[in-house]
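Across the two complexes that follow, chain A remains constant while its partner is chain B and subsequently chain C.
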Partner chain A sequence: MLRRILYWSAHYLLIALYVLFALFPLFWLIKVALTPNDLLYSEGIRLWPSRIGLEHFRFVLTNSEFPLFFRNSVIVSCSTALIVSLLSSVCGYGLSRFNFRGKPLLLALMLITQMFPLVMLVAPMFRLLAPLGLTNTLTGLVIVYCAFNAPFATFLMQSFFDAIPKELEEAAMVDGATRFGAFRRIVLPLTLPGIAATAGFVFTAAWSELLFALMLNSSSRASTFPVGLLSFVSKFSVDFGQMMAAGVLALIPACLFFLLIQRYLVRGLTAGAVKG
Partner chain B sequence: MEVSAAGRQLVRAAQPYLYTAPVLILIATVMLVPLSVGLSYAFQDIQLLDPFSGGFVGFDHFRELSADRSFRAALLNTLVWTGSSVALQFIFGLILALLLNREFPGRRLVQALVFLPWAVPTFLVGLDWAWLFNPVVGPLPGWLLALKLTHDSNNLLADPSTALIGPIVAAVWWGIPFFAITSLAALQSIPKDLYEAAAIDGAGVFKQFRSITLPLLAPTIAITILLRTVWIANFADLIVVMTNGGPADSTQTVASYIFTTAFRRLDFGYASAIAAVLLGLLCLYALAILNLRRLFVQRQA
Partner chain C sequence: MSAIEISHLSKRYGTTPVLDDVNLSVAAGEFIVLVGPSGCGKSTLLRMIAGLEVVSAGQIRIGGTLVNDLPPKARDIAMVFQSYALYPHMSVAENMAYSLRLRHISRQRIETAINAAAEKLGLGALLGRKPRALSGGQRQRVAMGRAIVRKPKAFLFDEPLSNLDARLREHMRAEIKKLHRELGATLIYVTHDQIEAMTLADRIVAMHAGRVQQIGSPLELYDRPANLFVAGFIGSPAMNMFPALFSRRDGRATLVHAGFALALEHDPGLAEGMPLTVGIRPEHIVLGTGRLQGVVDLLEPTGLGTIAHLQLAGTAVKAFCLERLPLAISTSLKMDLPAQRLHLFDAEGARVAQQHE
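Our next item is the complex of A and B:
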C-alpha cells in the first residue's frame, strides 16, 4: 500500500514537472504581450507585471497588416493540409497494397527528400517558380509546402493502411466494387483518425514555415504571418510587446487545431506503429 | 470481350502507378529537380551580387572546404547540437510516454497540455527562449544563479563557452512531444498480456521494461531517431533566431553555416558545396542506422 502511494506521488510529481516545463515559456510569451511598454524592461523579470493592458493586441489588430498575414497563413496552411492529406492517402494506399517495379526506387527518392537542408533549394526554386509567375503568390507557397510535406505524410499514411486487413476491400471487390470504390468507401473511412493526424502534422509544419515564405514572396500582399512577425523587427525598431502579442495571436489557431487532433495523433499512430 | 479483358488487365497493371503518380510527380518537379540544380551549383561560381560569376569551377569549392576552419568547427558543433538534442528529446519523450501510458484521472488534459509546445512555430520558440535567457527580461539567469548553477546572472547566450546550451534547451522543449507521441503510440500497441504473463513469472517493473518494452519499442524507435537526427542536423531556425551562429561562431552548425553563406555572403555556390557534403554524411549515417536495425531485428527473430 505504501509502495503504491509512493509510486503515484512520484508519478504525479513528474507529470506536474512536465506540465510546468511545457507551459512556462508559453506563459512568459503571454505575460510579455500583456505588459505595457513602460514596464517591459523595468519589471522585465517579475513573474507578473504590476499593471497589464491589451494595447499591444489592439495595435496589432487595427494598425498593422497582421490580419492580412493571418488570413494568408490560414489559406496556405489549410490548403496544404487538405491537398497533402488527399495525395498522401492515395499514394500511401498504393504503396501499402501493391508491389510493383520501381517501388524501391520511389521509396529511396522519398527518403532522399528528407535528407538535405532545404536552404539548398531556395535559389533553384526561385528560378523555377519565377518564370511561371508563382513567386509572390499564395499558390506558389502551397505547391512548395505540399511537396515538402508529401513524403513524410505518405510514409505515415502507408503505415495506417498497412494496419487495415486487405480482406475488407477484397470482400467488397468480390461483391462487384472497383478497387478505387472499395478504397474510397471502405478503407478511407477507417483511416480517418490517421488522416486527422497527418493533416495535423502538415498544418503545423506549413503554419510555422519561415524560410521559403520569406524568400519566395517579396511583397507583403502574399506574406504569411511568420514573415509578418519579422517585419516588427525592421519596421517598428523591434517592438517586442507588439511582436509577442502578434505571436500569441498566431499561436491560437495552431493550438486549437492541435488540441482538436492530438488524441487522434496517438490513436492514429498506434495502428501502424510496430510494423517493423 | 477479348479487347475489354486485355483492357482490364492493362488497367490492373497500371493501377499501382496511378495511385503513386501524383505524389511522385509533385516531389520530382518541386524537390528533386531543384535538388539536382542545387547540387550542380556546388561546382559553379554563383554569387548573387557578382554579375561575372556563373562559370564552372570544378572541385574548387570542395578544395576550399577541406581547408575551411569554420566548417570544421561547425561540423563539431553539429555533432554536439544534434547528438544532445536528439538524446535529451528522446529520453524525456520516452519518460513522458511511459507516464502517460498509465490511466489516471486528468490524463487526457495533461496529454493535451504537455504536447502543446509542438504546435508553436519554431522561430517563435527561438524568440521566446531568447527572452527567457535574457537577464533583463527573462527569469532564467536569476534562477540559475539562485540554484548556484552559474556564477553570475549574465546571458548564457552571450558567452561562447555556453551559448550552444540555449538552442539545445529550446529544441528539447519543442521536440519532447514528438518523441512522446511516437513512443506512446508504440507503447500502446504492445499487447497487454505480455506484461501479465511476465508479472505472473515474477518479473518486476524494471525487468518488464528491459525485457518487453525496450526490445518491442526498438524497431520503431530506430526509425524515429533516424528521421529526427537527420531533420535536426538540417534544422537551423532556432540557432539563426537565438544566436545567429555567434558569439564568435561558437554556435555555428553546418546547417546555420550554409544559411549564413547563402544569405549573408550571398555565395550560393559555396553554400551548395557545404550542403552536398552534409547530404553525403547524413546518407552514410542513415545507411549505418538502417543496417544496425536490420541486424537487431534479425537477431530477435
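Our next item is the complex of A and C:
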C-alpha cells in the first residue's frame, strides 16, 4: 500500500516538475508584463512583484503600432494555415491513394525542399519577390510561408489518409458515391483531426516566423508581430515591460486558434470503422 | 438471361497475372460461392465485378450491360466487406441510409426501408448507435443491413464471416442462407472456408492460382472433384492421396502401390504402367474388415465419430468412422479401400473418369 502511494507520488511529482519546467518561461513573461516599470529593476529577482499594473499593456495598445502588426500577423497566419491545409489535404490524399508515374521523384523533391537552412534562401527569395513587387506585402509573406510549409504538411496529411481504411471509400463508391463524393463525405470528416493538427502546426509556424518577415519587409505597414517585438530593442536599452506585454498579447490569437481546433485534435474518429 | 456474365476475364498487376481467363455465368437469384486458398484471386474477381479493380482483359456483364468501364456507382450492386467498412462518424441508421440518400430517395421511403432491414436483421434497438459501440457480430449485421436496404442487381459478400468467432459464424451462416431465400437475390460470396462454401452455395466456383478449377454444385465438387486441387481442398478431414501405377493383372485393371494392390471393378482403359494419384475420402475407408492391414497411429475422437490416423504399408491415411470401434494405438486392424470409392487422377492432376460415375 505504502509502495503504491510512494509510486504514485513520485509519478505525479515528476509530471509536475516537467510541467513547471515547460511553463516557467510563460509565467515569467506574464510576470514581467504585469510589473510596473519602477519595480522592474528595483525589486531584484522575485517570483511576484509587490504591486502589479496594466500600464505596459495600455501603452502597447495605444502608443505603439502593435495593433497593426497584430492584424498583419493574423491575416498572414490564417491565410497560410487555410491555403496550406487545403493544398496538403488534396495532395496528401492523392499521394496516399493513387500510384502514378513520377511519384517517387515527386516525394524525393518534396523531401529535398525540407533540407535547406532557411538563411540560405533569404537572398534568392528576396531577388525573386522584389521584381514581382511582392516585398513589403503580406501576399509575399503568405506565398513564402505556404511554399515552406506545404511539403511537410503534405507528408503529415498523407500519413493521416494512410490511416483511414481504403474499404471505407470503396464501400461509399459501391453505395453510389463518386470518388470525390466519397472523399468529401466519408474521408474528409474522418481526417478532421489530422487537418486540425496540420492547420495548427502551420499557423504556429507562420505566427512565430521572424527571419523572412524581417528580411522581406522594410515598412511597418507589412510587418508582423515578431518583427514588431524587435522594435522594443533599441541601441541603448530594451523595454522589457512593453516587450513582454506585447508577447502576452501575441499569445492570445494562438491560444484562441488552438482552443478552436482542440476538439478535433483529441478525437479518435476512426474507432469502430473496421474490425479492431 | 444470366444476371452476371463473365467471359475470358483476366487481371494483371504489372506483369504478374492474378486472374487468368475466368469464365462464369451466374443465373438470376443464384447463390454462387467463390472458394480457394488465400491469393487464389477470388477477392480480386469479386472486386472486379464491383468495379473496384480495373479489368485487364475480358468482359463483365451485369444484367446484360457491359460494365468493364463503368464506375461502381453505375453498376447497381451492393457489397459487404470483410472488415465491414462501416462509416464510423455515422450512426447505424445513417450508415444504412447513405446509399439511399445518394439516390435522392424521399425521407419517408428511406425510413421505411431502414426499418424493414433493421427488423429483418434484428437491428431495431441499435439504429441510433455509432459503429464503435457495437460488437463484432452487430457490426457484421449492420454491414449486411447497409447492403439490403436497396434492391441491387446483385449482392457481393467478401469473406463476411471471417472476423467472427466460430459459434457466431455458424449462426450467421444460416442467417445469410435464410436472407438469400427471402430476398431471392443474386449473390456472389467469397470465402476460403470450404464448409461455408459447401453449406451456402447453389454452385461453387473453386479457384486456385488465378484459374477456375471447377464449377458445380457442392456435392458435385465433393463427389467428383475435377482435379487434385479440388479433391484436396473440399472436404474435412481432407481426402487421402497416394501414388500408384496402373497395371493389368490376370486381365483385371489394378492399381499397384508399393505395399499393396487394389483391383478395380471396371477397366478405365489406361496405358499399362501409367502413374496415377489415387484418392479416397476418410469416411469411405472401411475399418474392421477387408484384405489390407493397417496400424493405428493416432486417434482423434470428435464426438460425432472418430478420425483414425493409420499407417497402411508406409502410407499415412486418415479414416473417419461414425461407429465407436474398439481401436487402440499401435494395434493392427483389417481395412479396405472400396474400389467404387476411389478417385483417380493422372500425372497432370486431372480426374480420370471411371465407369461407375
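The rule is simple: the second predicted complex is superposed on the first by the 250 of 276 C-alpha atoms of A that agree within 3 Å, B and C clash if a C-alpha of one lies under 4 Å from a C-alpha of the other, contacts with A are read in each partner's own complex, and residues count from 1 in each chain.
Following the convention adopted for this analysis, a contact is a pair of C-beta atoms (placed from the backbone, for glycine too) under 8 Å apart; a residue touches a chain by one contact, two chains touch by 3 or more.
The shown structure was predicted, so the numbers you read here are calculated from the model rather than taken from an experiment.
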Partner with the higher number of touched chain A residues, chain C or chain B: B
Which of chain B and chain C A:87 touches, first, second, both or neither: first
Touched partner set for A:150, first chain B, second chain C, both or neither: first
First, second, both or neither for A:184, with chain B first and chain C second: neither
Set of chain A residues, in rising order, touched by both chain B and chain C: 179, 269-271, 273-274
Of all residues in chain A, those that touch chain B in their complex: 8, 11-12, 14-15, 18-19, 21-23, 25-26, 28-29, 32, 40-41, 44-45, 47, 87-88, 90-91, 93-95, 98-100, 103, 106, 109-125, 127-128, 143-144, 146-148, 150-152, 154, 179, 204, 207-208, 210-211, 226, 229, 240, 243-244, 247, 250-251, 254-255, 257-259, 262-263, 265-271, 273-274, 276
Chain C - residues contacting chain A, complex: 50-52, 71-73, 77-79, 81, 83-89, 98-99, 102-103, 130-134, 136, 139, 146, 163
Complex contact set, residues of chain A against chain C: 165, 167-168, 170-179, 181, 186, 189-190, 269-275
List of chain B residues in touch with chain A within their complex: 15-20, 22-24, 26-35, 37-38, 41, 46, 95-96, 99, 102, 104, 108, 110-125, 127-129, 131-132, 134-139, 142, 173, 176-177, 181-182, 184-186, 188-190, 216-217, 219-220, 227, 230-231, 234, 236-237, 255, 258-259, 262, 268, 271-272, 275, 278-279, 282-283, 286, 297
